[in-house]
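Just below is one structure, and these are the notes that go with it.
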């Protein structure tokens, strides 16, 4: 019988303790931590991995980024221009495929060439719209020798990258 | 309302039985429409309040997009539910499946009828008001089982079975604890019970303070009432982490909304019973004795009644967002091992109190000591 | 206990069934004859001072160049705090090995996984079904010569 | 579904069920509320990570480990990096080691916060989940400062970490560590010691030490059974042997040792210990290199290693075979949840449906890791 009442006391006291905590939050509006997203936007910190951006004018066309990409999100096509320099005519980054791992940014040998912007809102209505095109388009070629440096690696990665 | 009808009809010639009948029906329909409108509005705001309370407790804001402070959220929800596809499972028992939400909703709506909202505002002042409430709220369990069985879904069936077991069990402590209060005013009419609780600074004549037994009865009733309306920690019939959504797993759109609104309607009803029987109903605390115009008094009384009910509903929401859920057998254990015996002994205690001291409560005794 | 010593105990008990001790793996491994694996495992679990309480990992490996398949058992003792790798090598065309499910019940799922992905059949297993792939999947993807299907039911892959 | 024995009913719990923590399907055979057997079906999230590993280079696989146990990406990164380093014999600089410990332990806290939160919502209490998320946001912010991502960090790399922590990280972490203990106290008062919660969990699904060994259960679930086994102590990696922390073990405070409540409570205790470790590491942090010199193309010598690390959910093991090329020959991932889940058919016999939810939640499984 003593156990019966002890149990009852235990239940009631712990339930009341819990209720005490929740009411503290319930009546104090200062405890609210929600951010009103579309109105209030948080500033991403330095080094935030947002949308990839390529400064195409200083790109050397080395294809290091395309080779390291585990999910094959970067398509790169280079042409030698009249100075025998490799120029990227096609530089597509498929943002739908990108997993924001940052391997390409680290692989890029040129400072401030390939980097993450602080942009995190870039939804689109179709998958094609999610591909950002950075390529130079037509470059006056020295000789019509194009190289397609699409890597084999990570072909299966497509399915895994979400 | 009967009085109203009688008053109108008394001015008419007794030779027009058809007109009398029509007018009676008209008045009934109009008053039913008013109750329906008010209860729908209440249910809408209750869903908003539920979400807002949950938000407050969980350190977030809650609905704030539609209308000022998100107040029109329930309209948006309602429109959304109306536009949802109405799915009836192929293997469902169509008849049961379709009729169940209406029964649940009708029942919860019908329970608004005998409530006494103020001295003169009430739909029907039944002399068996409390009995009527208890009886009609039991029908819910049947309707839930109909819906659950009709869905032809195993999770629904689990929910339905749980709901019936739970509601039937918890009727007992509810009735026993209500009895402990009713024996003092010795009436089943809501109005009489409230009228009995006047005076005493407005609060000390409330039945909850009448004697220690009614105080216990109030808590027993309130706990059992939470179980009766299937809310956490007793929401096992729709425990979403266990049985998906319980009895309304297969319901969509407006049919689901009926179940949903009925839950809030039931919340109002059980809180209103608690307010009526234990917390003095529409009795205005402290300033009840001050003379004032009738219309002001009526408005104040309605306001006070709703305030009490909403406070109790707030407590229900507060409990819901705090506690984890009990298991089925533990729920039954709570009912049969704790609430029912306590309510039973409590009833005996209350009866002895009434037998010895008649209807004098603790306040009366203290007041008598001091006035002597 | 040192892995070398465990190897000593094992070869003393099972003789020729214990084929080889490979030290340059981590943890060092013992190569066991295929038909003795269940006995060896039971001994490893119940033997005095060995107490390999748990099977940490069971992996199938396709050794295509050698025309073999291997099943690798990473064992660990939480009582004695030592660990060892046990290996068996199977015929690649008809990989069969005894189950160790009776020794460590946890092996059940690992063996199903090895069966699913590599097609290694564990004799005596209580419930040898595919575990990760759909039951009607064809082939065993972790084999080195696995051909990717073009279609699965109505989907183009 | 046909069943020879009419007494039993077979129900599919999942793949879409609110409490199966992802896409786990359990074929449940029940007699009313009581389960007579459970058959788990997994693989709905199979992404063939082991096959992918054979097609990508060593550094390229690192982002995929994020997606193993996505609630503890840092720990998965760490285990993978350690595996490859073992193969390549890379010595990691001290600063990188300390940073790794800080990240791993912070991630352990954030993972346990989710475990705590999702378990509480399985048990029907929603508020603790939101509270857990709130604190986790704090840690996510820290990670975002450190590496720029909030969920899939890919921060710990072969040879060290991807970049040094920026200024302000240490202060912010200290701020979190000062703020956190009060919150743990709040969790305990709100949930851990709540009578209903204890009643739901005590003596449920007891895992005896022998069962735990047999099924290869590791991590908090093993320690809850009373076995003091933690890789951070038993096989110290990084700088764990210099740090002072306790390994909480289950003592059966509320029932038998190794019951669901013990398993739940291990996570609360471990959060406290992890906070303690992070505090010590912040004091130890001295300037230095954040990564060892690692060549761009990794070509480990042929060989095989099995390396494991203590993840929030148990021991994550990588069995890596290298054939001397730039790509792994075979990578087997020994996921802790895989082993932890395999005991469910044994535990879930003769318990109730609500208990099954408690068992899944208390084992704290995560499906991406199981299905790989």
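In order of appearance the chains are A, B, C and D, and numbering begins at 1 in each one.
Definition applied: a residue touches a chain if its C-beta (ideal position, glycine included) is under 8 Å from a C-beta of that chain, and two chains touch if they have at least 3 such contacts.
All values derive from a computational prediction rather than experimental measurement.
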Revision key, fill the gap. Of B-D and A-B, the pair with more C-beta contacts is B-D
Exercise for review: Could you work out which chain's C-alpha centre is the most distant one from the centre of subunit C?
Suggested key: B
Study note, to complete from the structure: So, in whole Å, the Cα centroid of subunit B is separated from that of subunit D by 46
Revision key, fill the gap. CA centroids of subunit A and subunit B: separation to the nearest Å works out as 52
**Study point:** Rounded Å distance, subunit A centre to subunit D centre (Cα mean)
**Key:** 24
Study note, to complete from the structure: Taking each chain's mean CA coordinate, subunit B and subunit C are separated, in whole Å, by 64
Check your understanding: Which subunit D residues touch at least two other chains?
Key -> 48, 51, 127, 134, 190-191, 194, 196
Revision key, fill the gap. Multi-chain touching residues of subunit A, meaning two or more other chains, are 15, 18, 21-22, 33
Point to revise | Sequence positions of subunit B contacting 2 or more other chains | key: 57-60, 321-323
Practice item. Quick one: which bits of subunit D touch subunit C in the complex? Just the residue numbers, please. Key: 42-43, 46, 48, 50-51, 86, 213-217, 227, 229, 234, 303-308, 315, 317, 319, 321, 330, 332, 334, 338-339, 342-343, 346, 371-372
Check your understanding: For subunit A, which residues are in contact with subunit D within the complex?
Key -> 7, 10-11, 14-15, 17-18, 21-22, 33, 44-49, 68-71, 99-103, 106-107, 116, 152-157, 159-160, 162
Review point. Of all residues in subunit C, which touch subunit D in the complex?
Key: 24-27, 53-57, 59, 61-62, 72, 74, 78, 81, 85, 104-106, 108-109, 117, 130-134, 141-142
Study note, to complete from the structure: Contacts from subunit B onto subunit A in the complex sit at residues 53, 55-61, 64, 318-319, 321-323, 338
Check your understanding: What residues on subunit D touch subunit A, complex-wise?
Key -> 47-49, 51-52, 55-57, 59-64, 66-67, 127, 134, 137, 141, 144-145, 147-149, 152, 154, 162-163, 166, 186, 189-191, 193-196, 296, 327
